[in-house]
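These are the structures, in structure tokens.
Consider the two complexes below, in which subunit A is the common component and subunit B and subunit C are the respective partners.
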Partner chain A sequence: MTQADIAVGRRQSAGSRRKLQSQELAILAIAALLALIFAVTLPGFATINNMLTLARSVSVLGVLSLAMALVVIGRGLDLSLIASMAAGAAAVMALLGAGYAFPVAVLAGLAVAMAIGLANGWIIAFIEVPALFTTLAMSLLVFGVARFAFKTVLVYPPTDAHAFLFLGQGKLFGVPMPIIVFAVTAAAMHLFLSRTTPGRFTYARGDNPEAARLTGVDVRRDIIISYMLAAGLSLLAGLVSASATASMNLQIITGTMIFDVVLVVVLGGVSLVGGRGSVLSVLAGALLIGVLLNGLTIMNVNNQMQDVVRGLVLLGAIILDNRLHPRDEETARQGD
Partner chain B sequence: MNSPVDHQKTATATARRDAPVLEVRDGSKIYGGVHAIEGVSFDLYPGEVHALVGENGAGKSTLCKAIAGAIQLSAGDILIDGKPVKFSRPGDALAAGVSMVYQETSLVPTMTVAQNLELGNEPRLTRFRSLNIQAQQLLQSLNFHVEPTAYVATLGAARRQMVEIARAVKHQARVIVFDEPTATLTPEEIMHFFHLVEDLRARGVAIIYISHALEEALKISDRITVLRDGRHVVTAPTRDLTRADIVRHMVGREVIQERPQRLPAAARALREKVLTVENVTMGTAVKNMSFTLYAGEVVGMAGLIGSGRTEIARVIAGALKRNLINGGKIYLRGKPIRYRTPRQAIDDGIVYITEDRKVDGFFETMAIDDNIYIGRLATKQGWTFALNAGDRNRIASELIRRLRIAALDSRAKIIELSGGNQQKVVVAKALAQEPQVVIFDEPTRGVDVGAIPEIHAAIRKQAEEGKAVLVISSYLPEILSVSDRILVTRMGRIAAEIDATEADEQKIMYAAIH
Partner chain C sequence: MSVVTSPTPSQSSSSDTLKALRYRFSAKLFLSELLAKNWMEPIVPFTLMLALLGYFAATVPGYLSVDNLQQMLNLFAEIGLVSIAMGFVMISGGIDLSVGAIFAVTNLAALIMFKIFGWPVPVAAVCTLLLGAGLGAINGWLVGYLKARPFLTTLVTLIILRAVFDMVSGRYATDFATSDVESPAWDFLGAGRILGVPTNAAALLLVIVIGHVYLSRSRWGWHITAVGSSRKAARHAGIRVERVLFGAYVLSGVLCALAGLFYAARQNSAGSDTGQGWEMQALTAVVLGGISLAGGRGTVFRACLGAIIVFLLINGFVRLGLEGYLTLSALGLVLLIAVGVDVKWAKNRGKAIQKIYVNPTWLKLPPTPSITRGSDSPFAENDRLSHAEPIGLGEVEGPEDVILDRQDRLYTGTREGWILRFSGPNFTHREIFARIGGRPLGMAFDRDENLIVCSGGMGVYGVRPDGEVFKVTDETNRTWGKLNDDSRLRLADDLDIAPDGKIYFSEATIRYEMHSWDMDGIEGRGNGRMICFDPATGQTRTIIKNQRFPNGVCIAHDGQSVLYCSTWLCKVFRYWIAGPKKGQVETFTDNLPGYADNINRASDGGYWLALAGIRSPAYDLAMRNPDFRLRMVKEIPRDEWLYPGLNNGCIVKLDANGKPVESLWDPSGALHPAVTSMREHRGWLYIGGLENNRIGRVRLDGADPDWTGQDSYWGKPSDQSGRREN
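And now, the complex of A and B:
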């Protein structure tokens, strides 16, 4: 290849690199445009109060999506995030109710969530069961065990658990805690993915697991760790959510929330083929979904219709992902 | 290998029956902005065996996939019997009488031979008895000893190929494309295959024969077309070409067999034994292999595909596990080793550079320097929790310079590079791990011609620096030009060990086959 050829190649792909980054930017632009339209047409949308409501409503979803992004970038999928979130948070509340101190209860809840992540990761890494089926089954198992353990589907925190309630209902410098939790988690995840070796290995594993293994990455160990970290983050989301509503309904495990999480992640450009996307993708996806659902709620669109909209957007996002990152061998490789 | 077929080339090549059955005019195919083939013209006459040769990446498979309808040309025409055709899928090509027998067979393993023969045009209702009888008749007419009721999964490579050929005949193919048909066959099976090709030619079938083995192409074809870097170089009757001519056309210049300074055997005895493999066995792929690698020496490993070369390399590097019981022993500087993961081998200084960089070599989403840097990060000494851009730039720029990677910008993505430069990045990733034992598996496969000598120089350099180097290659001139000592594998065993000063292609081939 001559220098000129290389130069040509560079130009072309400088374009394709812009295209890849532009998925997040495009989603951000769409979200901004949508917000603008709502602000003009919907009374009550462009108020400080509504903005805070919007941000708070996507915070829990956002933290869960960061957890999902971590797993998906490593070419995995965790459909049991809602299960570890609900079961972990319920365990924390039950222990608080039994009189344990807040840190003890949280550590115990973390142990519950991470045990679920460990089981997921081990089955996926060592028995090599596809993540989709493993985490789907795990979700059902956790739901069953949790109902058995808590004897009810609705778990409440004790009314005097101030530290716990502060997480979802408190404010720091006037900013609601859920937003702060989301922001801090996003910043930490960004640093982890872009500035650390384990983060780089996550991308490597998602890009080409066998190449990562041959290069000397301990792929199996890393898979387990990533599912445990994701489960731990889901507990954080669960604590915020349970604290904000002062309850946790175990039935959300079998609800549609996991679809929202997948939607946020894929929409922003964290491709399901792995190795692609970033925290910015999650922020973009979360923002668009937040604006959309908030607007629909103000417009008094009923839940069923909102589900239809979310379903359509999810399908669209997955189709787009498939177009941008085809798994087709023929286009992925040159002949010979 | 004595010529199993003594056909009269003159009869078929000169007595061209009427018009070409198939013609490609100015065919081009672009993948992601790169021409896989460009302006290639090709013609094929009934009853002709037309060999298509060229290096990896020359565009042979691309051209044939277009002919067989598996892909569509970006520009240019395909003509059957002089009429332009557009194949949008393999079924269209099949209907027009063009059939392709792929390297990896396209049979369904869980179905029987008869069912596979019927695949794609089953009647609404299948009567298995008549299906089997028809299949039996077809196979017998071709003189194939294959049971129609046998499941394809139970057949060996040669029988599977027979089924594929039978399927092509059943579809009344007038053009059959064979893609590396002999790569997985034993010498006897190759002989049988050649007879079959003769038979098909006698029936007036036109055959395109893609092969790396020039000797085969010279033996069996009527005409030869050489492709290079996606372009048509020459088409000529086989009797007008010699092996040297073809190689010159393939490479684009006179190939000088430059032989580096060799270590005399006596000097080697003084060297340090780095890696000793003793009676290593892995499943059926590797049987009782034993050899030793010395510091400062390049050992070439030649042998047919499937003779256990890649497997033994991967066992050494921890990517595959040898048998737990009677698996033999491997010593690194006298210390017995048994790795469960490549990571452990890398910690001990053994790196393996894969034979297919796209499958398990590089990270396509990452930049050139990140690809190199990740090699260092994955070692015990190189691991740091926080990434360090300074380290990355230093390590990457040094290796880019040492291996002469032609990249204007080390932050560019690796997929923007040519095959040769991608290969060099994969090598750089391995060298960033500061190994003591380096195993190259097909180091120049799919590499642009200009980069080959540079990669060979890099391989020699590793040995000069005192590392133990093993080079696996199917390309004998490569083996001859880089090795100090040559091991030949055959059916999972080391069949011969030849000193490079005494080696030539005939000796190696003889050991690999007999």
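And now, the complex of A and C:
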């Protein structure tokens, strides 16, 4: 490779990085514009209280989106995040109710979530079933088993579980805990993705799994680990969510929440082809969705209409993603 | 003409007979051919379906009663239609998760149009189907033209349509119950019977039949399959991929709407869970039925088969009293397993077949005769080919067979699929006489001086004197009871033409192609056959089956019998086509020192026989050890296999009774390694080789300097009326 080639290569990579950032910035700009419009037109939108509500409502979604981003950057997809979140959090609450200590209960919940992640990762890495099918079927499976195990749809924590309830309802230095959890997770994920070897390997795997494998990356092992990590993060989101509402409704497993997660990730520029995007993308996507949902709620739009709006936005995001990062659809596998 | 089976090689003891039998019939052979069949794939789901039916019939009283069956058909028809809709999209290489939502929305629309607006049934029905087509068109536009990912896209349309359904159905729920619009046509759709079959089930049957014909017999159906198999290849073939994908989704929408229409007429109300989770049911069904996720593989029957299994399962779960969420879970599990098996099977099917395809058999050859130089053996090594004059050196690739016409022009077939003609003094003028394609092998001139050629991979073709190519035959009768369709000619090898014009030709093997013919040698099985084409009737019939690589073919001088070589048996057979022994096969020459290739007439009433390779004790031993060869094929790379020694050969002269008289050798292999053919013409012997870069010729001392093959077969030009010379 000559000096000139290297220079060209550098220029190209710098160019693509600029382009990626531009998508994130564009989303941020749209979010700001939307917020501005809402602030002018909707009474009660531009208040400190509402901003905190917005941030808090987005933080569970944000942690889930960070988990999803980790998987998607490695060219995967995890539609069972809600399942591991709900099943794990429900397990924690059930154990707390049975009188176990908080750390023990959390470890057990982590084991439940990680087991789901392990099963996902193993089926995807070794049996090579497309991630979409695996995780979709897995969430159905988990839903049934969880319903069967907890014998109820709604699981409640004991009222004296202060450590647990602090996670969702407490405040640190005046900032609600969910926001702090989201911020800390985002910072940790950023460091992981950009500063550590396994993090960089995630991008390598997403860019070109075969090339990564030939370079010596243990792709199968890494796939399994990434699904387990994602499941673990989803448990964190589940704990925050369950703690904030002091309940966990298992029915959300079959709901549309997972599409909000996909929406956040894809909107922000974590392309479904893998290897693209960063924590900033997730923040941008989460902000836009947060503003949108908050605005729709204040406008008193019913759930179905919200579904339609989110569906249309997601559809636009997918098509846009496809335009910006075209995949070779002639060789694409089913389930991509 | 009766079919005779192969005479087994002479056995020395009963244990040898047992061995031959033991390896002649192989369960693996059967299995490998079975696995290669397309109809093998739905066998597993079909068995599963029968087992489920059997189980329920045995445990549930009155399960097989007409009433219960009618009821179940009635319940099944809609999910069956939706599964077929999913099947079509999957075969096109996509996926449609919105089938359940489209079903629900069209169901609601049909109810509103009939019950609330009071539209006549035909109008409501047509509008429902149009709505389904429109919703499918949205998916098709997004996936086909905007190239969005089908899975996520249809998942999103599912959410949107489901939300729309929830919004609208809530508004009309009570109106349906209070509406008093009625119509016999509507009731017929919902509760009618056609010959005892519920209307919706009858419609399903009709859709299955039409859908099957559409998918497997029509151009559009083939386009769907082609696009699903390989979008790139489909585009290169000129198929408008976008339009085909669009069409597949529209079709899916229409089928869902049809299901929605029947459901509306049957239920007369729209519950909030209408069509909920049907996409998972349909997806599980088609994957279970064996429609590949990869696209391009599947039939309407299979979609329906899978749907029946899923329906029976869910029905069974309900009867078992299982909770709805556990049913959903079980469905997820079944889907996961089915997809896993599908993925693994699609990936390893070829490998699995390849692994068990080669089936070496037991073959014992008699001790090899001496080829020692200077001995009095007719096969004694000499240097008589070492001074062969080259013709077309470097201008010809792989002249397997050579032949000369009455004008002394030399013809040969080449690797490129051409027939080359050399003419002029010393054959220096080279021209491409014809381009047949395939791999031209054995050749013969017929009475009208057409050059008839066996072309490996294509069949038997002819070239008129002006160079025009025509097909003689490319298929024969199919063997009854054989799994592999053996009617197409895979490797026509050599031919000769009897005085009555019938073309006798050999097909070396029906299990391997031209490029893997050597695998047949490793296998050593009787995979070849002798075939006869009768120009009078235009019919091609297999006359002798199960031959071990039948190769050279020659009509005896008297025209009463066909001589044909069996390469792996190192033997020449005589098949009588006239006279008292007509129809019998006997050994003409046995115990040759090498692998017999082509055989042709000699001027003195004898025959020239090419030995493509010389036997070696090691390989003869290997042929008596099928398990050894199987391990070799499986465990070591191809370039390290023990092959028959095809590097060096010779030409053997046989007398009129098949007794070896003399031989011509090029032991260095420099000029003529692997001699595959030779042709005597006016005192010269012309030599061809499958892999050679030249044709050679040597002068034959004492041979008739005027003798030509043309005269020998069809008489001298002056007495064309005479049928034969001698």
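By definition in this document, the second predicted complex is superposed on the first by the 310 of 336 C-alpha atoms of A that agree within 3 Å, B and C clash if a C-alpha of one lies under 4 Å from a C-alpha of the other, contacts with A are read in each partner's own complex, and residues count from 1 in each chain.
Convention: a residue touches a chain if its C-beta (ideal position, glycine included) is under 8 Å from a C-beta of that chain, and two chains touch if they have at least 3 such contacts.
All figures in this text were calculated on a predicted structure; none of them were measured in a lab.
J.: With the two structures laid over each other on chain A, which partner does A:L320 touch: subunit B (first), subunit C (second), both, or neither?
T.: A:L320 sits against neither subunit B nor subunit C.
J.: Check the residue A:R200 against both partner chains and state whether it touches subunit B (first), subunit C (second), both, or neither.
T.: Once the two structures are laid over each other on A, A:R200 reaches subunit B alone.
J.: Which partner does A:M51 contact after superposing on A: first (subunit B), second (subunit C), both, neither?
T.: Neither subunit B nor subunit C is touched by A:M51.
J.: Check the residue A:N208 against both partner chains and state whether it touches subunit B (first), subunit C (second), both, or neither.
T.: Only subunit B; A:N208 stays clear of subunit C.
J.: On the A-aligned overlay, A:L118 touches which partner chain: subunit B = first, subunit C = second, or both, or neither?
T.: In the superposition, A:L118 touches no partner, neither subunit B nor subunit C.
J.: I'd like to check the shared interface: which positions of subunit A are touched by both subunit B and subunit C across the two complexes?
T.: 330-331, 333-336.
J.: If you look only at subunit A, which of its residues touch subunit B in the complex?
T.: Residues 1, 3, 5-10, 12-13, 17, 194-201, 203-204, 207-208, 210-218, 275-276, 330-331, 333-336 of subunit A touch subunit B in their complex.
J.: Contact residues on subunit A for subunit C in the complex?
T.: The contact residues of subunit A facing subunit C are 123, 127-130, 132-134, 136-141, 143-145, 147-148, 254, 256, 259, 262, 272, 302-305, 307-308, 310-312, 314-315, 318-319, 322, 326-327, 329-336.
J.: What does subunit C use to touch subunit A in their complex?
T.: On the subunit C side, the touching residues are 90, 93-95, 142, 146-149, 151-153, 155-157, 159-160, 162-164, 166-167, 230-232, 235, 280, 293-295, 323, 325-333, 335-336, 339-340, 343-344, 347.
J.: Which subunit B residues qualify as touching subunit A in the complex?
T.: 29, 31-34, 36-37, 56-62, 65, 70-71, 317, 319, 341-343, 346-347, 352, 354, 358-366, 370, 374-375, 377-379, 383-387, 406-409, 412-413, 415-418, 420-421, 429, 433, 446, 448, 450
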